[in-house]
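As written, the chains take the letters A, B and C, and residue 1 is the first residue of each chain.
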């Protein structure tokens, strides 16, 4: 393909620019690891995992899906959020309230969690997506805190500081509550896969590319004709729904309990740190970071004499320095081109 | 409780909040970085007060020691934080804010590690631990003392910023950092010193608040959130805005806790949201903020 | 079908008591290459922003392809056929050239809000054609942050071309370019189809007099001259504005 404007001699193989495709083996490594982990997770109940392990793994899946929902907006659209933990909490409250008042049907509870969380995200997100970077962080903090306060103060509905619990296990078939922790785990795992899959598809679509364009240079995207507030708002609502599903997963195992602390600033900050350190734009990284939180806090935490949060904090601080990806990776590239 | 007492409570908490928030807002104006560890600094002060003054009775000596320690430790912590964020300067403001978030976690957990997870009370210095008759009821003398001290601090801060050349330098740096650098002034020194002073102030506020609020695990975050609401509503980087905002919020919180218990916190953060959406520069913006 | 691609009618912009642009009226005929020149502080950047829609005028009207777009935001105007490049090089650093241009191509030729699947064939075709037209096709897989300054400007042109614009606005495109890069840029613009109307805000008067069919001169926010290049070049008023001869301002 010759063009009068281009250089007459096409570059030789030796002169081909820096971008070389990574060797085939390397490219396959990550999907392979991911696949192995997923298979291991799927087979866990059959591999003799204890009830305790099942419950922990379910919690991990819940936090991982929350991290994924945050990565969707933070890593792809550049919207660092401090209120998605609260959206997940809202979803959890919704599903438990449905369990207490209406039905033990797990699917109905899941739908309630998603719809309510997405609805709250829609209500609060419209203003959020029009604010600029630092103000957006503050705004999301305020929104999260408002929801937290609601959870504490609206005692008649949420039970206040005492939290809320649904007495019995979910039902997949009307009238028969699921008895085995392993089966509940599998249902949670399936829900996780579905929503993680949805997010993956969106991230890889033209819509996902547009979001990353907005993250990198919103003014440019507007110049290209993209109605950027609408794009940000749409993904915000979607991520709210996914967070709601995460909230359902977090409270699906007995004792099916939620407390306002799940919607606190502390939790929100922890999750945001996790997502950033996991690497913004990396779903896998977000999952690993979320898993680390659960494991260090709840599992190892006991062995460390309750020093789990301290270890976590130290890990985060170290990671912010050491890890080249995360905010830094994306920002450095962006700042290069501003003359 | 008579409204008058509630009002006094409000002014007392407002002034303590001001001491916390003014450092936060000036540091934001100087560096464009949200120091999310500021709450942990306040908490450190509260625990220092507990450590020196104890829970039951405190001598003037021990309380003063606590205050002095707060100033020193605060300055050191501020300096340390500046050092720790230095490597991230090229990586943007949000990275630095996240770092302070992580440090906040570490500091808070260390404090809980050292002092245990139980709530602790802090004793007021003897002589100030009684009460007087106001508004037809007994009112703690200590809170009146806090109002007095807080007012003095507010005046000193105002004076330092508005009437001294050092203060003018700080205000100039907030308004136009490049210009100040162009004149040849080492902006880093200005910011470091200011940061240290702001941190010291936060710790002092923590010590002073001890006899009122005690030293508890959630105190750091609680006060941080209030301070953030204050600086947003008052106007980021604006000292007057912070003062008015702090007093307003202190009063609303205290009155509201009794009159509208379920709504006062809600109103506060709702107001924060409204301000960010409709008037992001705050109610009393600085001139520089209006440009931003 | 109006004969003017872009019309500014009494456009003004003031910030408080500061007047950035005052009562500017100009018409850019379809298919022409129209340059806007003026010394620093003349209000060129403000005028550019007013045309693109990133700021709203305090007074006056903006017409694009015969339609009043004064109240439309920048992304609305972009969808009506207006494309622009920005003065400070503004591309998507973390993406490859191909991905960069696809963002524009997909918006124009595909379905940019599609939540599943890959890019549409038509968009990919348009994207590659745009890269080819500016001479960056071989570098399609390179990361945008690795480009030289001149290449980045070329990418910006490709981005603009990918949306198949009717009107293309350039904001000081040759600022910071070497002589060779400037020549290449001029070639690219000369190679553009006359279906595209081009308006260039430019400092380099050599470029202006090579490319432009029509030149408008801005000074202190007001339009002081508007005519053919030779008229402008020989105008005493314009020469006085530029303090003598144009070589002083050439190449900054």
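Going forward, contacts are C-beta pairs under 8 Å (C-beta built on N, C-alpha and C of every residue); 3 or more make two chains touch, one makes a residue touch a chain.
The model shown is predicted, which means the values in this text are computed figures rather than measured ones.
Peer 1: Which sets of chains still touch one another once chain A is disregarded?
Peer 2: B | C
Peer 1: Quick one: point me to the chain whose Cα centre is farthest from that of chain B.
Peer 2: Most distant chain from chain B: C.
Peer 1: For this structure, I'd like the pair of chains sharing the most C-beta contacts.
Peer 2: Answer by contact count: the chains A-C.
Peer 1: Taking the mean of all protein CA atoms as the centre, name the chain whose own CA mean is closest to it.
Peer 2: Taking the mean of C-alpha atoms per chain, the most central one is A.
Peer 1: Using mean C-alpha positions as chain centres, tell me how far chain B is from chain C in Å, no decimals.
Peer 2: 49
Peer 1: Just how far, in Å, is the C-alpha centre of chain B from the one of chain A?
Peer 2: 33
Peer 1: Centre to centre, by mean C-alpha position, how many angstrom separate chain A and chain C?
Peer 2: Centre separation, chain A to chain C: 40 Å.
Peer 1: Help me check something: in the complex, which residues belonging to chain A touch chain C?
Peer 2: Interface residues on chain A, with respect to chain C: 1, 3-7, 10-11, 17-19, 201-202, 204-210, 212-213, 216-217, 219-228, 231, 234, 330, 333-334, 336-339.
Peer 1: Within their complex, state which residues of chain A touch chain B.
Peer 2: 80, 127, 130-131, 133-135, 137-139, 141-143, 145-146, 149-150, 153-154, 264-266, 269-270, 272-273, 276, 306-307, 309-310, 312-314, 316-317, 320-321, 326-328, 331-332, 335
Peer 1: Which of the residues in chain B come into contact with chain A in the complex?
Peer 2: Contact set of chain B toward chain A: 32, 34, 36, 87-88, 90-95, 97-99, 101-106, 108-110, 113, 117, 221, 224-225, 228-229, 232, 262-263, 265-266, 269-270, 272-273, 276-277, 280.
Peer 1: Please give the residue numbers of chain C that touch chain A in the complex, ascending.
Peer 2: Against chain A, the touching part of chain C is residues 52, 54, 73-76, 78-79, 83-84, 86, 88-96, 99, 102-104, 106-108, 110-120, 132-135, 137-139, 141-146, 149, 152, 159, 163, 176, 184, 187-188, 191.
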